[in-house]
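For reference, the structure I am asking about is given below.
By letter and in written order, the chains are A, B, C, D, E and F; residue numbering begins at 1 in each of them.
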Amino acid sequence: MIVVAMVLMTLGTAFVLAAAIGVIRLRDPLQRMHSATKAGTLGTALLILGALLTGTIDRTGTGLLTLIFLLITLPLVAQVLARASYVSGSRLEGIGSDPLDGELDRTDEMLR
Amino acid sequence: MTLTILSAVLGLVLAIALVLAGWRMVRGPGFADRVIALDMLTAIAVGFAALTAVTTGRGAFLDIALGIALINFVATLAFAAFLERKRREP
Amino acid sequence: MKQLRRLRAICVLTAIFLWDLVVASVSVARIVLAPTIRTHPAIIAVPVSVRRPWAVALFAYFTSLTPGSTCLHVSDDRTRLYLHILDTQDAEASVARFKQLYERWILELEA
Amino acid sequence: MLYALTGAGIIGCAIFMILSRNLVRMLLGLSLLATGTNLLLFLAGRIGSEQPPIIRDGAKALGVSADPVAQALILTAIVIGFALTVMLGVLVLRAWRSGGTVDAREVDAAEMVGPAQERDDLHG
Amino acid sequence: MFVILLISLIGACVMPLAARVIGRGAGLVIALLPIGLLAAFVSMAPVVERGWVLGEGRNWAPRIGLDLTLRLDGFSFLFCLLVTGICALVVIYAGGYLTGKPRQERTRFFTLILLFQTAMLGTVLAESLLVMLLFWEATSILSFLLVGFDSRSARARRAALMALQVTAFGGLMLLAAVLMIGHVLGSYSMAEAVRQAETIAASPLGTPIVACILIAAFTKSAQFPFHFWLPNAMQAPTPASAYLHSATMVKLGIYLLARFEPVFAATGWGRGVVVTVACLTMLVAALQALRAENFKSALAYSTIASLGILTLLVGLDGPAATVAMVGFLLAHALYKAALFFCAGVVLHATGQQNLRALGGLARVLPFTALACVGASLSMAGIPPFIGFISKEFLFEAQIESSWETAPLAIAVIVNAAMVGVAGVVTLRPFFLGGAKHRELRNGESLSLVAPPLLLAVAGLLISLDPDWITRVALRPAVAAVYGRAVDVDIAVWHGLTPMLMLSAVVIGIGALIVRYWRQIHIRLRGAERFDRLALEKLWERSLRGLMHGSRALTGWVQHGDLRRYLLVVVGGMAALIAWSVIAAGAVPRLPDAGTLRLAPALVALVGLGGAVAATRAQSLFTAMIATGLTGFSIALTFMLNGAPDLALTQFAVEALLVVLLTALLMAVPLASPATRTPAMRRSDAVVAGVMALMLVAGIVDMAAGPQGSAASAFYSEMSYLGGKGHNVVNVILVDFRAFDTLGETMVIAMAAVLARSLLMRRGRAAQEAAQPSVHFSFQAFGRVLSWTLLAASLVILWRGHDQPGGGFVGGLVAALSFALLSLAYGVERAERTLRAGPLTLVGIGMACTLASGLPGLIAGRPYLTHLWWEPVWFPKLGTTMIFDLGVYLVVLGAVLAFLFGLQREATK
Amino acid sequence: MTCMGDALLLTLPVLVPFLGAALALLLRKHPAAALMTGLAASGFVLLASVALLTRVMVDPRVPLTVFGGWPQGFGIGFSAALPGSALVVVTALILFAAAIYAIGDIGPRRRRGGYDALMLAMAGAMNGACLTNDLFNLYVWFELALLAALGLLTIDRRPAQIDGAIRYAAFAMLAATFILIGVGMIYGMTGTLDIRTAGAVLADSPASVASAVAAALLLGGLMLKSGLAPFHLWLPASYHTAPTTVAAVFAGLLTKMGFYALLLVMVVIFGVGRGAPGGAQLTPLLGGIAALTMLLCVAGALGQTDMRRILAYHVVAQVGYMMAALALGTRDGVTAAIFYMVHSMIVQANLFFGAGLIRRASASWDLTRAGGIVRREPLFALLFAVPVLSLSGIPPFSGFWAKLFVIRESLDADMAWLGGVALLAGLLTIVSMSTFWSDACWKDARRTSMRAVPKSGLVAMALLSAATVVIGLMPQWLWSIAQLSARLLEGQG
């Protein structure tokens, strides 16, 4: 059990680190957003799961609630951030055609 | 014991992740980049809380994890709202 | 009977949701950790068949969990989702996948 | 030692920002100032145990833990600092609305003497 | 004597009311007071005559060395006679002089005059120097009010201010002198000071004491170079001039000098200064008197000259000088008051006081002319008037004293000038110049002419039969001043003495002056260098310079640049710390190097990095994000070091700051043009860096010191047993140190009031804020999430006593739930959801928090003693919960007040 | 019973204003009710505080209550040691007078803006600061006073008020930071927040860098609060923007509260006057600060024509005198400082009241435009002369004794130069104030139509003027209290 916990925790941390690296390395805000929200949240979720499995903490309920809440908010945050990035005029690397052009107002110059 | 050492190592990894996210927050270049990096911090903080719960053996820190999860996404949403609304101003 | 179908839809959606989460994360991690970053991002419009607001929201929610995709915007008349895809070679195929994977089951819920 | 450097460093940065003539920057500086102060206060309770000052279930008294008094003080200070920061934010916003500037050099109604001030009094 | 003072004081308040009721005769009625007082003093004459000193003591404030001892000796007695006697005449005279003035003004005048009389009596009767000082200052203030009596006139006000400022300066000097004497002797007794004159003079404070006394006396008695205020003070109504500025108040300086003669005599240089100043004064005043073209100012300058003579006499050694001083004091009071009265009648009658414009008044004002002649003869020192006798004594004193020629010569000149002035002021208005004034505004009346006539007659009678007055007043006075009895022989005829010759010379020169007054006058007027001697210009210019200098200094200090203000504060603070550390001479200690955990250290450093980045950020938004990074990292630092409550609160605060400050940033421009030059930034950085280093030194040293808090130990033990809570931090907040929390709750509540009053409210916004464009999904999920947060906040509140949480965090999280609502659906919707106004929430919360302490108080225990109810079938309940609920509500209400207001403003 | 009574008496000066504030907040939509709440609460606090002072004077045991019923030193305690309880009386008197004055000065609009709640909160904060035994609690009261002050300052929402408030807030937050770090360091060194215990612990430990830094931080922070030069820069630019009643209360209370805390900290914790390690090295600085404050601020007053600015500068200059007394480092110096503080609180508030009425009558704050008061409002001119003369140090008013004591003690402490500076500043004060009175009251009014001054204003002024006269005529009474206070402060009660 403890081994599983440790593996989960390590894996989770690795995901968080990967997400952070993505935030650094990816080329535009929208891409970075994918990394930050998805990988980051999964990493955290694994960490919590691992922590619960260590058996040293008697807060399974709290831990699960945290997990659920993270998972509920994750896509929401992703969507809202994505739109905000788009609208605030972020440069979009390598986007061919933009079907949103004309549908959603967007700042010509990136807010910086 | 292994658990403690592992936690310390993982903590350091999380701290490195924090440094990276912080770097992006500070460097930008766009507002959106900074906000996205900020959202990354939530994950890191929750991770830290979970780790601390393990090292201290205190459930209180999981409460904190839940608290952070509950609280921080509002900040992200507020930032997003700011980016959306600020756009039309010069 | 209707309830049973809904339950099944919920179960399937949850399963897809969890699986996708893992896949999404792993794929992002792979991209990020690759020696050189090679992504082909795109913004695509996905027509929506579900009508109820919560159903549309649910659709948007699930699309945002998928590997490397996020709902960027929902058109005001709620007939189209605009997705940002992190890495795709074929936009058409992606659209089809979303409709096939999620919208089917959400329609089931909405019915 | 490291924390002392961090706290004082934050306060130094905060002071540097406060000295800016941009009122919003000053406001952010004051918020930083509160943060740095809190860290220094935390040091007054000494940094040592990472055990929280929460009595374990079933126990009657607290074992080894971080200093609870310093924490209580900081908690108070955090909330007060928050109230002050936001309050100052409101004032800055008002100044912006009335004068169209957040440059402290142009926000000088209180330093003015003479007829302009007088008019302001009579019709304000 | 207390009774006399008290009657005088009460009378001063009551008697003038007569002026409200009675018209013309008011003066006579009111004069009953000074007459009665005079009678009272005269009745004490037999005691004084024997050289006894009447003393009365009352405790006033012994602990501050203040006793209300009064003391009547010969010198005081002489002053008392003059003060009350002339007061009676002044009051009678004023009764006529002020006819036709509004009742209110008359009442005011009489009140001031009678109060002044009280103050004078107090000054000369006081034994305690402090008490004397008290009355002394009162005379200054009353003089100020009387000089500026006609306050509509700018000149009068200016003169009054000048008089006040000069005499108040003297008063402060006297205060200093008195305090120094008290410091040297340990007592404020005047008798003691005189007895221990040598001690005072020999003490290190001797020189400043004497200097201060001299300055005090010179200002009060209008001695050079402070003489300029007196001619200006003639703006006062004439009765007041007669009383204050010639007969009594100005002589207080002489009184002081005479009393302290032993002290300055003991210094070795005191006499020289006094004599020199007196001579200068006499010369300047005599010349100015001849220049004066105005009746009253001629008299005023002659008064200054007379005061110079008196000062000279105090300065001279030998008994004759004292005799001369006392005699001249009396003589001068008599004739000068009479002359002022006459000037007043002339002014009253003609509205004119330019000597060249007056003439031939003897025909229309015969009694005035008569009185004037009498007084002038006395002033000119023509036998058999009392002025003659006093002049004889003056010369005798000079010859006897150790001072030889110069003062004597000056005295001759000055006396000659006095003769001249006396002649001029008598002859020109009354007898020369033809009948210029046929139409008079006011004629003579009994109350106007009786006082000067009485004085003139008195001057004559006294000199013809000086025995009584010598016995009763002069001899005791001389004895009191000189310290032992002196045989005073006063008579008009002393035989052919050098003094008589000098008198003759004086009169001769004086006659010439009268003859050629016009020429001399015009010559002198033309010589502008005398204007410079007036010194009042200098005084005024220096005052104006002071004002300008002050304004310039203030303009320089208070330049309005907030940055420089703050720089001064921070720099000053750093300097203060540096001084403190260096002066304390302590060496910083270093704490034992413990095991440094890498992760928390790195987290803290990220916080520092955020702060550094905030200082370098170009955009305000970036600065805010960087600030947020710092707050976030410090919250993590708290969490990693065993402070979950702090972490949670800090996270909540950071989140709310984001919500609130983005609303602010929504309104203001984000790009801020540079407000500081690179050099400024450098200097700011240096100051900030130095400040930070100081703090590091202090904190590191503190951390190296011994550790261990009794309070912490107590709380750790008692938190569960006494406070019934597992979370020690929370128990401290709601129980052990609940009073802090109470105050803090009030802080937040007041912040809410401020926010509510400064920010827009519902209904005040003319146009409804446009529905913000929000992501569809956000709107779809917003409500659910918001309710989740609200529920969570209640859980945090409830569990706070045992687990991380409590009212503060609970309230903050609840506020976040409303923030979410307003972000998703607009602020209107959020406000509607709340229903009650935020301030109502705050008010209820305050009431809860405050009331939670009352049960304890009612139960006879201290306030905020919490009571518990622990039924077996239900979780324990305590008043702490009401307390925490109140905190929750206040925090929620306050944050919402900010949130709603700021968001409304932002979307305007 | 006595204990119970003590607890009640000690709690009321804080509890009543706060309850009143809560009530006023709930009633803010009904200005008349809010007014009555404010008036009733202020009056009640005055009675309670007088009762408390009487209790202290009658019974030598110092009343003490520890909130929450914990042992002393472990909860936050209030003790009615002098001078705290005496200051509570003065505070209550001023606030009661202000409540009366406000009847004619604070209209419904301001009351709807929360005036009464803010004022009562301020009252509670002041009283709390006077009575508390706890260092951090003192900080909390300062913050409350600050917030209430800012709310009162900006109640009309005028640009000048906002600007003044920003400046004030910036300085106050800096001050709060310094104070807070100082307090934290004291706790870090002594492990206690109880002022007396901390003082005792520090007195027994050798001088250290930490205690030197903490002393400087607390001194600097409290100097900022009390407006001592060169940290006074914020004050003249912000006081004058507030409504009269508010400015009067600020002038009477705020800086003095700062100075009281300074006195407390310097004397009790750092042992100024006892040569204890930690604070002794600062004593030489205090004299310089005092002299600078007196001269700079009197000069500031001389250069102005706006009544409120003149008075604001005098407010600071007066703190300079108190500092001068404290700087002497003797017990009698401390006594003189306390005496001066009480005198100055009453007089400053009264002066602002007067200035407000003059402004009401002549529709201008500018002295050059004021005038004619003596003829229109002779009673007012008389009442106004009391604080003017008192501030100028003219006998027999309180200010004379206050100045006299400062100078006398400076002689006894062999710091005559400081007394000399005080004397010089006194002369300039006379120049300034005599011009002030003459211009405002004597001169003819430029305007033909003058508005009558409200009766409530006169009543408020009469109350404070009476206090000034009583102190002036019976200085020993206050001196004894101040002397006892100084003894208690030095722990030799």
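Just so we're on the same page, contacts are C-beta pairs under 8 Å (C-beta built on N, C-alpha and C of every residue); 3 or more make two chains touch, one makes a residue touch a chain.
Predicted, not measured: the structure shown is a model, and the values here were computed from it.
A.B. asks: If each hop has to land on a touching chain, what is the smallest number of hops from chain D to chain E?
C.D. replies: 1
A.B. asks: Strictly by the touch rule at the top, which chains does chain B share as contacts with chain C?
C.D. replies: Chains that touch both chain B and chain C, as defined above, are A, E.
A.B. asks: If you average the CA coordinates per chain, which chain's centre is most distant from that of chain F?
C.D. replies: The most distant chain relative to chain F turns out to be C.
A.B. asks: Which chain has the mean of its C-alpha atoms lying nearest to the mean of all protein C-alpha atoms shown?
C.D. replies: Smallest centre-to-centre distance to the global C-alpha mean: chain F.
A.B. asks: Averaged over CA atoms, how far is the centre of chain C from the centre of chain F? Could you give it in whole Å?
C.D. replies: That pair's centroid distance is 67 Å.
A.B. asks: Please work out the Cα centroid separation of chain C and chain D, and write it as a whole number of Å.
C.D. replies: Centre separation, chain C to chain D: 44 Å.
A.B. asks: Averaging only over C-alpha atoms, locate the centres of chain B and chain D and give their separation in whole Å.
C.D. replies: Chain B and chain D have C-alpha centres separated by 22 Å.
A.B. asks: Please list all residues of chain A that touch 2 or more other chains.
C.D. replies: Residue numbers touching two or more other chains: 14, 19, 21, 33, 37, 41, 43, 69, 73, 75-76, 79-80, 83, 111-112.
A.B. asks: What parts of chain D, by residue number, touch at least two of the other chains?
C.D. replies: Residues 11, 18, 26, 40, 43-46, 50-52, 54, 69, 73, 76, 80, 83-84, 87, 91-92, 94, 104, 108, 111 of chain D touch two or more partner chains.
A.B. asks: Would you pick out the residues of chain F that each touch at least 2 other chains?
C.D. replies: Answer for chain F, listing residues that touch two or more other chains: 136, 140, 143, 147, 150, 154, 157, 162, 167, 170, 174, 181, 185, 187-188, 193, 237, 304.
A.B. asks: Determine which chains touch and list them pairwise.
C.D. replies: A-B, A-C, A-E, B-D, B-E, C-E, D-E, D-F, E-F
A.B. asks: Taking the complex as given, what residues does chain A use to touch chain B?
C.D. replies: Interface residues on chain A, with respect to chain B: 2, 6, 9-10, 12-14, 16-17, 19-21, 23-24, 29, 32-33, 36-37, 40-41, 43-44, 47-48, 50-51, 54, 56-59, 62-63, 65-66, 69-70, 73, 76-77, 80-81, 83-85, 87-91, 105-107, 110-112.
A.B. asks: Name, in rising order, each residue of chain D that touches chain F in their complex.
C.D. replies: 11, 18, 23, 26, 30, 33-34, 37, 40-41, 43-46, 69-70, 73, 76-77, 80, 83-84, 87-88, 91-92, 94-95, 98-99, 104, 107-114, 117-118, 120-122, 124
A.B. asks: Going by the contact rule set out above, which residues of chain E touch chain B in the complex?
C.D. replies: 597-600, 602-603, 606, 609-610, 613, 619, 621-622, 625-626, 628-629, 632-633, 635-636, 639-640, 642, 644, 647-648, 651-652, 654-655, 658-659, 662, 665-666, 669-670, 772-775, 778, 788-789, 792, 796, 799, 803-805, 809, 813, 816, 819-820, 823, 906-907
A.B. asks: Which bits of chain D are touching chain B when the two form their complex?
C.D. replies: 50-52, 54
A.B. asks: Which part of chain C faces chain E closely enough to touch in the complex?
C.D. replies: Within the complex, chain C touches chain E at residues 53-54, 56-57, 60-61, 64, 71, 73-74, 78.
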